[in-house]
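Next, two complexes with chain A in common: one pairs it with chain B, the other with chain C.
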Partner chain A sequence: MIELILKRLLAAVPVMLIVATVVFLLLRMAPGDPARVIAGDMASEESIAQIRTDMGLDQSLGTQYVRWMAALVQGDLGHSIQSRQPVTTLIKARLGPTFSLAAWAILLTIATAVPLGVLAAWRHRGLADRGIMAGAVLAFSMPVFVVAYLLILVFSVKLNWLPVQGYAPLADGLGQYARHLLLPTVTLAMVFVALITRITRASLLDVLGEDFVRTARAKGVTERFVLFRHALRNAAIPIVTIVGVALTTLISGVVVTETIFNIAGVGRLIVDSVLARDYPVVQGTILFFSFLYVFVNLLIDMAYVVLDPRIRY
Partner chain B sequence: MPTSSASLLPAAPPPSRWRQAASALIHDPVMLGSLLLLLLLVALTVGAPLLAFHDPATLTPRARLQGSSELYWLGTDSLGRDLLSRVLYGGRLSITLAALVSAIAIVAGLAIGLAAGYVRRLDAPVMRLMDGIMAIPGLLLAVALVALGGANIVTMVIAISIPEIPRVARLVRSVVLSVREEPYVEASLGSGTPALKVLWRHILPSTINPLVVQATFVCAAAILTEAVLGFLGLGFPPEIPSLGSIIAEGRPFFQRAPWIVLAPGVFLALLILAVNMFGDALRDRLDPRLSRKTKG
Partner chain C sequence: MKNMIPALGRFCAPAAFTRASVASTMLCAAGLTGALAPLSPLYAETSAKVVMQAPLRVVDPILTNAYITRNHGYMVFDTLFALDAQGKPQPEMVERWQESPDRLTVTLTLRPNLKFHDGSPVTGEDVVASLKRWAERDVLGLRLMAVTRSLESPDSNTVVFHLKQPFGMLIEALAKPASPVPFIMPKRIASVPVSQAITEVIGSGPYKFVAADFQPGVKATYVKFADYVPRKEPASGFAGGKVAIVDRIELVNISDSQTAVNALRGGEIDFVEDVPPDLMPQLKDVKGIALKSYGESTNIFTMRMNWLQAPFDNVKVRRAVLAAVYQGDYLAAQIGDETMYKLCGAVLTCKTPYASEDGATQTRAPDLAHARALLKESGYDGSKVVILHPTDLPVLSSLASVTAQALRTIGMNVEIQSMDWATLLSRYSKKDPVAQGGWSIFQTGFTSLDLMNPLTNPNLDGRGATGYVGWSKSEQMETLRDQFAETSDPARRQEIALAIQKLNYDQVFFIPLGTYSKMKGYNAAKLGRMTDAQVPLFW
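Coming up: the complex of A and B.
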């Protein structure tokens, strides 16, 4: 088991290297001169040149790449231009709200989408199925900010039940924490619920069509047993796969949600840094999220072994 | 012996793609409905210069923040500009951009996927590269590229296309991998047909169906990404009406004048919904197998 984990970890390293390289290349090769962008519109040629030297942008691409990689391996994501703090510190400070938001959104998604998907599959082609699928397409198509503002309009402005924005850490009390997190979580989860519901339904339908299910039913096993014991377990793999793949969408959603609800998380950090032209922070946070994605997918790969005994690496 | 003479006739040729498409449209209400909605929205936006009664850029500060009225059908925004014309022009921008992005992503993804699928030695490195790009959240990549390259149409199109390319490439590659083993490809190669011709005549046609479906999803994603970029203030300059930036401008006035946020929002949602529904219906029709595995 240990060697399996190590093997998978080792396999992830090249991917992370590639991700880091891709980020480096794409940002370095993008049109536009980072030094000029950082210096701003009013800067003189000398200050631009100075910035260029400071950031090592005047050296060859190869040298820059080596320096970048060396720093990365040591966990150094660079320093913010605005605040001079290390990027890692900035990210760590903002991790709490983002993590809360994302974790609750994922939990909400699983708690809502899986039952909905099961229901839709069970009542295949029935009214419930069509209704749920229609709802899913609708939820999937609504941009995050439209959903957010509709929810805010109803719950904060008209009914005045929930605060319009902001974040209250757990330390401030469970009530406040929950109240502030409720709307953002629902907003973020909506697209996911749609996605996971569809995948659950499709995957379950696939499994329910298989021979062993027919056998189980012929044996006289109750429908509920068939669903939960046999079908759902087998349907789990595609669902888990999609969760991994959809992580990037989750991250994008986090960025928008945090901006709308004014939550001081990592997503907002990216937006603020881009607007402030704080280029190292932008780069560092992108890397952070990408590595997170690779890591989560790694965990999912390993989860496969648990979920499907047929899979051996 | 009574033999049906009809069985001696050669079978009717399969209907052409156009006939298939027409029959699909007529028999599938969802596909027809979403296509009609889409065409309606496109017609509205394309006809924006004719339909919009006011110039979207004219400021009339006296008339700011008004609700729906005879003069301004959707009301005015914070600077007294007609919301209806701004939304229509914004929609025009979204659709144009989405079409461009879709075209680029499909062409690039097709080229990469064909290369990776056909040339064995290219497969592993190219796919690793695609995996690397896919690991970066699309929005963030677009944000970073636009931040560096400036908010002009070229940069925006490139920035939004790049995150979509890997998915298309993977799709094409998997099709190529399976078609490559078919007997007719082997036969063609064996009789000396040059590789490029084989690709063009035998392999490419199999990619068309999944590509068309994927194109619709890329379109929807592009519309959404452009809107989000505009919303975050990272898209086109504020004078150019874009659905996202109109919503962003309406944020501070949300309690007083919610229509500034809601009108473009609803338009955007309808547009994305129409594209998604059409893509779904198309996928169910063109390749029911695909609807289980890939999700756009």
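Coming up: the complex of A and C.
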């Protein structure tokens, strides 16, 4: 296992170097000028040129790249062009809300979707199955912003039970923390609940048709034991894969939810930075996401080994 | 209170590292934070959470002319002069000022006991350094410095301008409310080159910036400056006594307008700087929430054509466009609510002494036959007209399609090119022909603060390729602007302003596309005493 972890971490280095280079080049190729964004639309060309020089943006692409990479290997992601704050500080400040939201959303997803998927497979073609599948199609089809506004309208505006927006860190109290996270978590989880419910049901139905399940039933094993001990464990690999993908998608794709609920997370940071052409922040955040993808994939691979001892790397 | 903290301390004493201890540590952290808050020097009795029209990221109000940074500047910094509600400059940090009989020496004496937020006194040297930095970035400042032989501070309370020639706009320049505003900073901060952002935010205004709380794009906090000495006159516009109305202001960014309106309804925030017209009905009947305009015709949509490239290098084509457009179409599409907008053809805005409708045709139903005739007369060959369309600014989103429709109606070959604002800013600086990435029409919005003075109104720039985008060239316009700068006689200024208005429509420097009133929504009990001005002023 340790060998696997080390191998994967070493393999991540060239991946991240490629990501860093591609992001650097793509940003420079995209239209837009950070100096012009800062100076504003009424600034003179002389002022803009002066700002560009001070930021080092007038240097050749090669020089800028070498300078950025040299800092990067020392763990320095640079400073924001807009606010002049270190990129690591900006990312750190946004991690709490994003990780909280993603963690609770994935927990809610697993806690809801797996039992629903199991129930649907167990009651295949029954009323429960049809009801759950209809609900999954509905949840999957509703855009995130529609779900968010509906929840806000009902629970915040009409009933006044929960806040409309914002994020309260745990330091503000567990109650405030939970109250602020509830609606965004439900909003974010809904699509993934639908997706993982369907995947769980389909995987389980495949396994329930296998010979060993028939044998187990013939031996007189209880249906609960068949479902949870035999079938679910054998259906776990695709479910874990999707949960892993969902986790990374949740973290990098929370921007709509973060915007509507006004949560200052990493998703918003990257979108705002792209719009402002704040190159160091975009580069740093994308590198962080790519590392996260590598790390989550490593966790999934490790989970495979635990779930299925036949798997070897 | 003193007894509570040791008790909390004992309860929070570290124990074995268990799940329970982690939970109790979190609870303790929350408890300690609450218990210590009243002892903090930042403790405030009254506070307000406010949402502005954009996130605050750049805190240097001279480096950028972004409105949000200007608004931040008004909280933290003070100005030598300021415009009152009638648009007249009044002394603010200045106690008295005098002009020599030959109008070549202007002496300003600062009010006594002015202090910066770090406790140091405001001196003439601070003023000189601040004005020099500002003048490098500001069009009016550049003109002022061009006629200034020397700017010096003979003693700690005095600043003297020695001029090469009289400059009638000197006091107006120092009272200028449009970005960049001549804010006064300590000399050590104002000595930072103007192309580099200042890193310390120390002013002498009514609120102190809490640097430790600042999260760029997320949150900024200001606390009342206890040592601020407001003027005795009541607040009026940007001038008069700035008496902070709350002890603590937390500026939070909510990028979604619907979320901001919901939060205001729910009492989670106290102020929304810009309530979009389509969301106003949601706030109209909410108890305790007030909706108020920043004044009539405060915001103006504008169209600027590219004078360097075909077809708008031909004045007849520009005149054809002027004849084809109608302000009512733009305002109906972009604003919708008739009570919020007004047709107005004044190039120096409708609410100034220089307002005139002379030459404006876009305030009436368009004469399309005349427009087609002008276009034919111009020899327009069907060359492509590219309209730049910013997609991420809802306040400008409908303008491009209205213009495109109007121009197609008279037979022009039009293409709308959509892009985000950052791309547009980069694109509109290109002077190349359309085929090589250039552009033909750029439309945007200004506040009347930007346009009301012929010297600061960028659309009236006549310097050609070295001037404002669109690159209009006219020696006649530059002469008129110089004359306006020199004189301090109101009648003469009015005369020049009328000549500028006529010249604008004759040569079509820009087309005002209509005015509207921006609305603010706020908690009436908490912020009802805010001074009426075109920007949010929390005094």
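One rule holds for everything that comes next: the second predicted complex is superposed on the first by the 250 of 313 C-alpha atoms of A that agree within 3 Å, B and C clash if a C-alpha of one lies under 4 Å from a C-alpha of the other, contacts with A are read in each partner's own complex, and residues count from 1 in each chain.
In the analysis below, a contact is a pair of C-beta atoms (placed from the backbone, for glycine too) under 8 Å apart; a residue touches a chain by one contact, two chains touch by 3 or more.
Note that the structure is a prediction, hence the values are computed from the model and not measured.
In the overlay built on the shared chain, the residue A:V66 is in contact with neither chain B nor chain C. Of the two partner chains, chain B is the only one touched by A:T21; chain C is not.
Once the two complexes are overlaid on the shared chain, A:Y149 sits against chain B and chain C alike. Of the two partner chains placed around the shared chain by superposition, chain B is the only one that A:F140 touches, whereas chain C remains out of contact. In the superposition on chain A, contact is made by A:I251 with chain B only, not with chain C. By the touch criterion defined above, A:L6 reaches neither chain B nor chain C. In the superposition on chain A, A:N262 contacts chain C only, with no contact to chain B.
Contacts of A:V157 after superposition on the shared chain: both chain B and chain C are touched.
When the two complexes are overlaid on their common chain A, residue A:Y293 makes contact with chain B while staying clear of chain C. Chain A uses residues 30-32, 37, 149, 152, 157, 259, 275, 277 to touch chain B in one structure and chain C in the other.
If you check the complex, the residues on chain A that touch chain C are 30-33, 36-45, 47-48, 50-51, 53-54, 80, 82-85, 90, 93, 149, 152, 156-157, 160, 163-166, 170-174, 259-262, 264, 268-269, 272, 275-277. Listed in rising order, the residues of chain C touching chain A in the complex are 26-27, 29-30, 33, 55, 57-59, 63-66, 136-137, 139, 179, 193-197, 199, 215-219, 252-256, 258-259, 262-263, 265-266, 268, 392, 419-423, 425-427, 429, 444, 450, 458, 466, 468-469.
Remark: chain B residues 128-129, 131-141, 143-145, 147-150, 155, 162, 220, 224, 227-228, 231-234, 244, 247, 254-255, 258, 261-262, 265-266, 268-269, 272-273, 275-277, 280, 291-293, 295 touch chain A in the complex. Residues of chain A that touch chain B in their complex: 14-15, 18-19, 21-23, 26-27, 30-32, 34, 37, 137-138, 140-146, 149-150, 152-153, 157, 195, 198-199, 202-203, 206, 238, 242, 248-249, 251-252, 255-256, 259, 270-271, 274-275, 277, 279, 282-283, 285-286, 289-290, 293-294.
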